[in-house]
Amino acid sequence: MQLGMVGLGRMGANIVRRIMRDGHTAVVYDVNEAPVRELVDEGAEFGTTDLAEFVSKLETPRVAWVMIPAGITGKVIDQLAELMAPGDIIIDGGNSRYHQDIERAKALAPKGIHYVDIGTSGGVFGLDRGYCLMIGGEREPVEHLDPLLKSIAPGVGTAERTPGRTGETSTAEEGYLHCGPAGAGHFVKMVHNGIEYGAMAAYAEGLNILHKADIGNRDSGDSSAEETPLENPEWYRYDLDVPEITEVWRRGSVVASWLLDLTAAALYAEPTLESFGGRVSDSGEGRWTVDAAIDEGVPAAVLTAALYSRFDSRGEALYANKVLSAMRKAFGGHHELPKA
Amino acid sequence: MQLGMVGLGRMGANIVRRIMRDGHTAVVYDVNEAPVRELVDEGAEFGTTDLAEFVSKLETPRVAWVMIPAGITGKVIDQLAELMAPGDIIIDGGNSRYHQDIERAKALAPKGIHYVDIGTSGGVFGLDRGYCLMIGGEREPVEHLDPLLKSIAPGVGTAERTPGRTGETSTAEEGYLHCGPAGAGHFVKMVHNGIEYGAMAAYAEGLNILHKADIGNRDSGDSSAEETPLENPEWYRYDLDVPEITEVWRRGSVVASWLLDLTAAALYAEPTLESFGGRVSDSGEGRWTVDAAIDEGVPAAVLTAALYSRFDSRGEALYANKVLSAMRKAFGGHHELPKA
Amino acid sequence: MQLGMVGLGRMGANIVRRIMRDGHTAVVYDVNEAPVRELVDEGAEFGTTDLAEFVSKLETPRVAWVMIPAGITGKVIDQLAELMAPGDIIIDGGNSRYHQDIERAKALAPKGIHYVDIGTSGGVFGLDRGYCLMIGGEREPVEHLDPLLKSIAPGVGTAERTPGRTGETSTAEEGYLHCGPAGAGHFVKMVHNGIEYGAMAAYAEGLNILHKADIGNRDSGDSSAEETPLENPEWYRYDLDVPEITEVWRRGSVVASWLLDLTAAALYAEPTLESFGGRVSDSGEGRWTVDAAIDEGVPAAVLTAALYSRFDSRGEALYANKVLSAMRKAFGGHHELPKA
Amino acid sequence: MQLGMVGLGRMGANIVRRIMRDGHTAVVYDVNEAPVRELVDEGAEFGTTDLAEFVSKLETPRVAWVMIPAGITGKVIDQLAELMAPGDIIIDGGNSRYHQDIERAKALAPKGIHYVDIGTSGGVFGLDRGYCLMIGGEREPVEHLDPLLKSIAPGVGTAERTPGRTGETSTAEEGYLHCGPAGAGHFVKMVHNGIEYGAMAAYAEGLNILHKADIGNRDSGDSSAEETPLENPEWYRYDLDVPEITEVWRRGSVVASWLLDLTAAALYAEPTLESFGGRVSDSGEGRWTVDAAIDEGVPAAVLTAALYSRFDSRGEALYANKVLSAMRKAFGGHHELPKA
């Protein structure tokens, strides 16, 4: 089956590679020539930096998978829609907010163009490990895409079968799932990332507690002004090997996970983590997950705490902290000055 | 009535001043001569830097109020107990953890010495405003202390009477309360401070949101790598006058409070808060409040978040944040470096 | 000066009463006749249930203060705008989200009608205590409204002057403040309410810790399956009088506040709080404050925890909790059943 | 090599089975005869309900692994110590708080008895999957135990080798790790469980957001009094299949983990989770992890939120919620009654 790919960044290019490995064909487009040429060299049937030419090379019904930054996705989808015909399918495989999927599907419907949103997880490992695909849209176009989705997804063999499941496998067991109408794919991917934030923070906080388990040995010296003295220093005299601890948890423990695998590898490679500055970015999904929780009126304390810890890591609480110091000075008389 | 005061720091000295204003007498002790001389000049009947002499000047039953740093309180109480007699009263008016009160009362009981713990709130304003007193211990010695407690407390006239209360005033309406047996005073004071942390953080976070309400006007430039772009910059184009806002809330609003009064004054005096470094200390009470909540199995999300925000302000999440960056690099490929 | 009031619920009616006390005149409108008649009886110069008639009675430039539920505010403002003329002023004094203010001001601008948003705090006490007013809009119409705003606000005498302030009082000291352009009033009021959530939760959590300080005396019996046994039961044997504790904090303590005054009164009136079900509502402002924090990328852990505790109080975590139990059963073998 | 096992509950018995599979021998003890007989039938060399007899059958240096409830562990260890000789080894493989390990090791040292604490993760799956072992104690006895530990642990083949690791495997790669001196094993296990709480809650919260993604379709009817109306109901009209979503995430996604495997299995077996009551227990480790974070002064917002959500699930916020309702009534006039 043929796939048209718009955007040959790492994820777009690797999805193309993965389907070609399975015998599918690909027409590829990018604004830059280099990645286009590279994919053609690797076997894509046609490549171009001209969007109209790209569309003209697609077999009908056309399948155009858009894999570009969220900021320009809308514009490119509009351009594609101008060039496409009823029955064609546009896929947004990027990180759009699902609200936009709902609007785009509505806007494309009168033209007879199908819109499918696919939340794609897998990161830099997707080429080999496969991509987990969360899909929103109408049933027919999603079914039409099935052969491609099956090739992109990891495949049932990449995990042990869930106990209790018997008979034919569901697509979820292959690693792709039609979650619901327009936006459902990005909605589920959004919550997936929200969970990812929470799980990451759970490990990070726990490792920090291990890391500082030697506080009973430290000279409390200067810190005495800022912290209450430790009541039981004899409880905090461990010099723990955090990299080895993450390794030991990989086997047999309740917290074994792919994130832990990655953490163990990162800590093995650089035990001190000294190359990192400690300022942690956040993309939209973590924020949008919290927005959704609030709209739904459900508590999401863990996911939100994980998000805020990233804001904090970037110094965004500074003004609030100065307000606290100002209050403390006002009623307690102590002035918490900047460090000399 | 006579009060013996051990420790003439700001709070100890001001408590002595407050009771002398009301016609009580004071015997005072400190390790340093200067504050002793100062208080004697102001009318204390006797002052000394010798603890045994201090005890010898007290009328029986002796009343010794210990107002010194928590770290040395235990030792001084032991010394006092050696010098005192059955029926005497030792008051710990400092910031001991209430566990210690329970132990000390038990240790002093066989000697017939009464132990009273008094959590004291009021800060630098206590001399004029009075001190709010939360008291633990046996009924008899607490009743014996009543004339002194009444003088130290703010007095019923310092707030409007609570609607519904009629007839004779309770001591709570004067600003002092016998809360229960040994430790109850410091327990209630501990939770008081826990609430204080939470309320302070509520203001600080809210003012931070006001402070950054101009983000839609800022050049997103560099931050684009760290944050998702603002979806609706037109919603964040306010240049708000935070000092004036804290002032306007002082009258008629639901968040009017003494803490807000202090905040408004601090922001009026230094609108930019530039003299503060943003590292916020924590004393023991906020931590102990959370420990108590966990022991009791009751959720204390707000009080704990307030405590953690202080830890965060001192950079204590740094290692955790590096772990997050290491994970993000592992699955996403982006390396969050230290700032150049 | 004349004020037109649209909506005679408690707050609308009391604002009218407050300005009339100061010698201003009022034209009033409501969909129901009873409150209209009541206000006319109390001295309003004209009352009607017909919006066109209401507008016709206003002196130019007309001032129409809309004080109705947020859900219908937009529609009524549209109707008013049809009936009004360039130079007139429409005030939204309700609880609109500030996004709507920005849109409405933009929509009314071409007609020359001024739009002013006023966040109003004060609740059931506003008539006597005055209303704290947070105002957004253009400078000229806000200045025009000054005499009315001054009458509605509490007045400078209702709190001690902030130390350091000298000379002429600012309007903030009267209890009203022009915060910025359209939406600024409701933005500041929104954050005000967010702070209110946080401060309320701080007290509530602290009182809960006091309330359960007797856990060491309770028969742990049944709870043993759900909780780890208490390590030090002797630390939790206090039977604390929570109503009296809230009373004692009202004088001299750092947590004295109007909210505490109300809490002390409520606990005095009903010490057990048995008439309350424990399900706590939330209006929009707490949610919108968190949305704003997230958009701005600033941490608001306390305000968010306060919001989530309300969601939790309504059972909204039930499904999440069942998921936790399902996990626990899977790896630990224990089935957490519904209560018999 | 010979292992003595004290306590034949599920974990004790399965550890015995696992070492016997590997050719080691076992002497077993339990207060109940049935499990003793069962293990002897399965090949244990000796079994008894008499502790002295148990000790007498052990080869020197004796190895006694205590695997009994934390509440009685201390007493049994004391009894064992009376019966044992210098050079013998007592292992606490249960869930003791690490403080106790520190004390016990100190108490046993003068007798020449070695104390080793082993945090054991694996739950009901340990027999087949192996147990992850986190070990505290002196180097020599831990090295002496190596053959047994290797048999109990999962083994290096149960996970792919961490990229970058070459040459000989470390014991961490086998699934067991000597973490440090007395208490280090239980300390690391404690934090492990703290992380487990956080990760579990991350999934649970996320699935709850998915579960309620249909709120835009629900009749808001009754809830209108408690919640602000949904601004964009069209964003919440998804009827998501949560069991299938957990399945799809098992392959290729960033949140793949053993906990997710278990969740997918549980949701497949009972999609509605109706057999669960929603009250979630907590054992000590989650609490102790937070205590440690607070002692160390490091923020642990996610781990703490996870703990509090369990307290909340058991109704422990009820009093706090009533306080909130009482405040709301006081300033807003609305009485939040119990449900009829």
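Letters A, B, C and D mark the chains as written, and numbering starts fresh at 1 in each.
Here is the rule we go by: a contact is a pair of C-beta atoms (placed from the backbone, for glycine too) under 8 Å apart; a residue touches a chain by one contact, two chains touch by 3 or more.
Remember, it's a predicted structure, so these values are computed and weren't measured experimentally.
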item	value
Furthest chain, CA centroid comparison against chain D	C
Of B-C and A-B, whichever chain pair has more C-beta contact pairs	B-C
CA centroid of chain A to CA centroid of chain C, Å	38
Euclidean distance of C-alpha centroids - chain B vs chain C, Å	29
Chain centre separation in whole Å, for chain B relative to chain A (CA means)	44
Of all residues in chain D, the ones touching two or more other chains	123, 201, 203, 205, 208, 212, 227, 231, 254, 259, 265, 282, 287, 295, 297-301, 305, 308-309, 312, 314, 316-317, 320, 331
Residue ranges of chain C touching chain D (in the complex, touch as defined)	10, 71, 97, 123-125, 200-201, 203-205, 207-208, 211-212, 225-229, 231, 259, 262-263, 265-267, 270, 273, 275-284, 287, 301, 305, 309-310, 312-314, 316-339
Complex interface listing, chain D residues touching chain A	98-99, 102, 121-123, 126, 129-134, 153-156, 158-160, 162-165, 170-177, 179-181, 183-184, 187-188, 191-199, 201-203, 205-206, 208-210, 212-213, 215, 227, 230-232, 234-241, 244-245, 247-261, 264-265, 268-269, 289, 292-293, 295-303, 305-306, 308-309
Complex contact set, residues of chain D against chain B	254, 282, 287, 290-291, 294-295, 297-301, 304-305, 307-309, 311-312, 314, 316-317, 320, 331
